[in-house]
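Next, two complexes with subunit A in common: one pairs it with subunit B, the other with subunit C.
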Partner chain A sequence: MANIRFNNVQKSYGPFEAIRNFDLSVEDGDFCVFVGPSGCGKSTALKMLAGLEATSGGTIEIGGRDVTDLGPGKRDIAMVFQNYALYPHMTVRANIGFGLKMRNMDKAQINAKVEEAAAMLELTDYLDRRPRALSGGQRQRVALGRAIVREPSAFLMDEPLSNLDAKLRVQTRSEIVKLQKRLGVTTIYVTHDQVEALTMATKIVVMRGGVIQQIGTPEALFETPANLFVAGFIGSPGMNFFRGPVEVENGRAVTRFGDQKVTLNVAPEKLSGTHAIFGIRPEHMVVGDTTMPGAPVALSLVESLGTEKILHFPTPKGQALEGDTGIEGSDDAERDAQTMLARVIDDRRYRDGETVHVALPEGKVHVFDPDSHAAL
Partner chain B sequence: MQKRSFLGSFGLYGTVIVVCGLLLFPIYWMVLTALSPRTQLRSYPPKFWPEDPQWNVFSDLLAAQPFGLWMWNTVLIAVATMILSLTIGVLAAYALSRHRLRGGQGLGLFILTSKMLPATLLVIPLFAIFKSLGLVGSLWSVVIAQSTLIVPFATWMLKGYFDTIPAELEQAALVDGCSPLAALVRVVLPVAAPGLAATSLYAFVISWSDFLYARTFLTTSESKWTLNVGIATLKGEFVTDWNTIMAASLMAALPIIGVYLFLERYLVGGLSAGAEK
Partner chain C sequence: MIDFSSPRHRSKFGYLLLAPAVLLMALIIIYPILLSVDISLQDVRIARVGADREPWTTENYSWLFNSGEFWNAVWVTAKMVLTVGGISLIIGLATALLVNQRFRGRSLARLFVALPWAVPEVVATVIWAWMLDSSFGVINWLLLRAHLISEPIQFASNATAAFFAVCLVMIWKGYPLMSIMLLAGLQSIPEEQYQAARVDGANVWKRFIYVTLPNLAPVIGVTAVMTTLWVFRDFAIIYVLTQGGPIGGTTTLSILTFEQSFSFFKMGQGAAVGVVTMIICAVISRALVGRFASSAH
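Our next item is the complex of A and B:
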């Protein structure tokens, strides 16, 4: 058990910079998730922490010990790979015990520890099988067993759930979190799935293009995203964006959404330009409450999940966010700037083409600089 | 699986029988020649089984020639060649497969060019080298000479095999506390067993069937001859005893069959199944 520190770590492959100025401190017992679109450098960062990739600059510490130049076997870490990487020629028992054997632990002790880990993961009946005779979920648990049996100071997990089917993934997700809480071992977990990040992490690191975009708790990332990318990446469905003018009325900044005037929770002096980018989460849109100032919109599509509905409607004319916005790579990368979504929990039936009243509550609208895309 | 139609089975088994017949007929003819009395060898129409099989041809051969010694020399050379070639081949192939070396691609191709040179071209410079090293007449000369042919091919064969093994397997072993060499020996090689078996078999067979190098480097004394060199001397200037030659050839082929049977279980792939996903 230990804290983990990245001090200004760099990684480049020739002229290509995979990781830039990576600074991160993970406290003992944290469940820290690296999340970002593919190619953002999250796996590279994990491999450098594991010692499987050399750093090009900076230092890495585990438990206060500089491990930058140590081999993977000397860092006291355990790793779970995306494809599990079980040793196919060994039984489950030998797979789980391999790390202990390499550390010259005596046989009886290894056996006891393996049995204990197997019991924890409900693998006892499969100990003498080989990996190929196991199901995907069982293989995944063997990979976890191989990690926990070593009692390392940190677990590193590289997209361990991506090869499981959807149902098993949700189940295993909570099992991993429970296991981590029980063992209290600092965990670094890499995923491209922001839902996994939000549900599992105590601390999330959002990365893009080798650069950390924001570090924070799931709540902080959801409520106060640092920039347009994080805002679009975290949350499902993703945040709605639109462009709008910035005006000052009675000392308060306001913008327009269609014909509706929207008061902003930002000091007017922060808004230097004449326009900005605005964002609002689909779940924060208020639909049908005519007591709030809002605009009528025509629904282009209604997706119903029973009580929960996703309403699609066109972005007001001239306010769509087009061009390079830096939100590519988020879950709905195919997002259509011309369409906005509202998520409602309501028993009312909505029909395609119906006109409804949509309001943007004050305080729920995020404001981003139109050039730097940073949150204001 | 869909049930094969009668015509499909007929075609399949028919093809198998024809191919096996083509492959086995020369061996059958060797047996026939070895066992037939010399007078019947060129009789027409040919007899497909001798009336009076000459089984004593084998014991006569063993009595007349130091056959056991030749066999022993051949085994020594083949095993040593196999071990030497595989050791070099495994390390080279692993390095080429796993490490992005500067000019690795070019190096890989360069290794292969040496395979393109015919053995007859190499035999004279090799003779000169071995002479200055004092190796002419030693079994090592043949081991080294054969390795020059086998190593490039073994390297390429094994590199192809290593490329199919996910790098995460060794990474897992490294994280589990192995040194890079231990990860290779304990994890990669067992998983690569089918590739190793195929390459070993190749090395063994090539070495076993060598004639050129043994004939060139081992002429000094009969006690160093290999089977192929020995068998070649059975062909006389005036009389050639085909019975004895065929009997010797048959016995020379037996170890190859034995090695094949031993390695067969590893040759059947699929061991790496279950490593992933």
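Our next item is the complex of A and C:
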């Protein structure tokens, strides 16, 4: 059990800077998730923490001890790899006990600890099998067993669920969280999947291009994203964006969504320019409530998941976000800027082409600077 | 008319397509083997096409098992397989580990490691024969200069020296194959296994013992079989260097086969040696392949 600190850590490969000014403090017992699109440096950061990659600058501390120049075996950490990295020629028992054997623990003690870990992970019946005789989920649990049996001060996990099928992934996700809560070991978890990040983390670090975009709880990231990238990356489906003018009316900032006037929750003096980028989450759109000021839109597509529906409709003319929006790499990077989504939970049936009333509630609209993309 | 595209007849069509290849294989592999088994069971001096058949006899085999020459050849071959196989495995593994590292000029180093393999056997052996020459060879000169020996080693007339000279050339010629195969094996070991072992606290030596070697076992097995069979059947190196001499010191089973058949013109006995060699090779490769295949993952 330990806290983990990155102090201004840098990593460069020749002229290429993979990680810049990485500053992070993870408290004892935290479940911290590094999330970001591929190539954002999250795995590199984890490998530097593990000691598998050298840092180019800065220091790393685990439990108050500077480990920057220590080898991976001396950092008192355990790691779970994406492809599990089990030793194929060893039985499950030998795989789980390998770390203890390397530390010259005596055989009876190793065996006791392995049995205990196996019982916790329901692997007892498989202890004498080799990894190739196990299913993907079982192999994954062996990899977890190899980590927990060592009783390290931190777990490092590098996309441990990405080789599992969707159903097993959801199941294993909650198992890992439960296990971590039970053991109380500080965990750093790397994933590109923002759903995993939101559901597992107590603290999320969103990264992009080697730079930390935002650090916060899942709620904080969801409710108050620091910039356009985080806003677009976190949440599924992702946030809707549109451009709009900034006007001041009765001392309050307003913009327009089509013909509708939208009052903003931002002090007018913060909005320096004549226009800005606005975002609203699909689940915050209010559909069909004509008592609220809104605009009629024609649905271009209705995706029904039973009670839950995703309604697609065109972004008002001239308000679509074109060009470099800074949200590339998010789950819906491919999404058409011309289309907006609303997510409703409603028994009403919607038809393609139908015109519905869409309202943007006042407190739910996020405002971003059109140049820096920072949240205002 | 049979419709070969129907599921019921599809396999028949497969056999039909395979038939020419199978026939060809039978003609160029099975027939010569049967022929030599046939000759080994007859009292043949010089085999001629169309010659009258001799009656079948086991005389060649009883000569074989009662002759000192045969058992000497078995002993020489076994010693040579172990020496050449063992040392070229060590050198091959060492060079493979070396050129698997990242360093400047790595591709050039890989080329040099593989070079002896590319030199034709006879050419290489002639060069080595010159270097090993007892009166004006560079090796004796070097050893004399370094005061390691007081008089030149007679590689041609000293049986032990001749044996090790043959082994030396065979190792020089044989280790690159080991090296190339093991390098391919090393490259197929996932990097994550090494990373996991490092996080688990395994040092370089333990990573070699617990990750590299077990992962290489199947490749080592296959390469050991190939090298063993190569030593069994190699003829050129020994014949060019020593002709099997002195006094049988380097006469392996393949040299004995040749001697019996073409020096003494006892083709029946020669064929018997060949057949026994083939059986030994089959047994060894079956044992080694089976053993390493079961340890493979």
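In this text, the second predicted complex is superposed on the first by the 376 of 376 C-alpha atoms of A that agree within 3 Å, B and C clash if a C-alpha of one lies under 4 Å from a C-alpha of the other, contacts with A are read in each partner's own complex, and residues count from 1 in each chain.
We take it that a residue touches a chain if its C-beta (ideal position, glycine included) is under 8 Å from a C-beta of that chain, and two chains touch if they have at least 3 such contacts.
Keep in mind it's a predicted model, so treat the numbers as computed, not measured.
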item: Combined model on subunit A where subunit B meets subunit C, clash or fit; value: clash
item: Which superposed partner A:Ala50 touches (first subunit B, second subunit C, both, neither); value: both
item: Which of subunit B and subunit C A:Asn163 touches, first, second, both or neither; value: first
item: Contacts of A:Pro72 with subunit B and subunit C, given as first, second, both or neither; value: both
item: First (subunit B), second (subunit C), both or neither touched by A:Asn83; value: both
item: Partner chain(s) touched by A:Arg139 [first = subunit B, second = subunit C, both, neither]; value: first
item: Doubly contacted subunit A residues - partners subunit C and subunit B; value: 50-52, 71-73, 77-79, 81-83, 85-89, 98-99, 102-103, 130-132, 146, 150
item: Footprint of subunit C on subunit A - complex, ascending; value: 50-52, 71-74, 77-79, 81-83, 85-90, 98-99, 102-103, 130-132, 146, 150, 156
item: Subunit B-touching residues of subunit A, taken from the complex the two chains share; value: 50-52, 71-73, 77-79, 81-89, 98-99, 102-103, 130-134, 136, 139, 146, 150, 163
item: Interface residues, subunit B side, partner subunit A - complex; value: 166, 168-169, 171-179, 182, 187, 190-191, 193, 271-277
item: Contact footprint of subunit A on subunit C as seen in their complex; value: 190, 192-193, 195-203, 206, 210-211, 214-215, 217, 295, 297
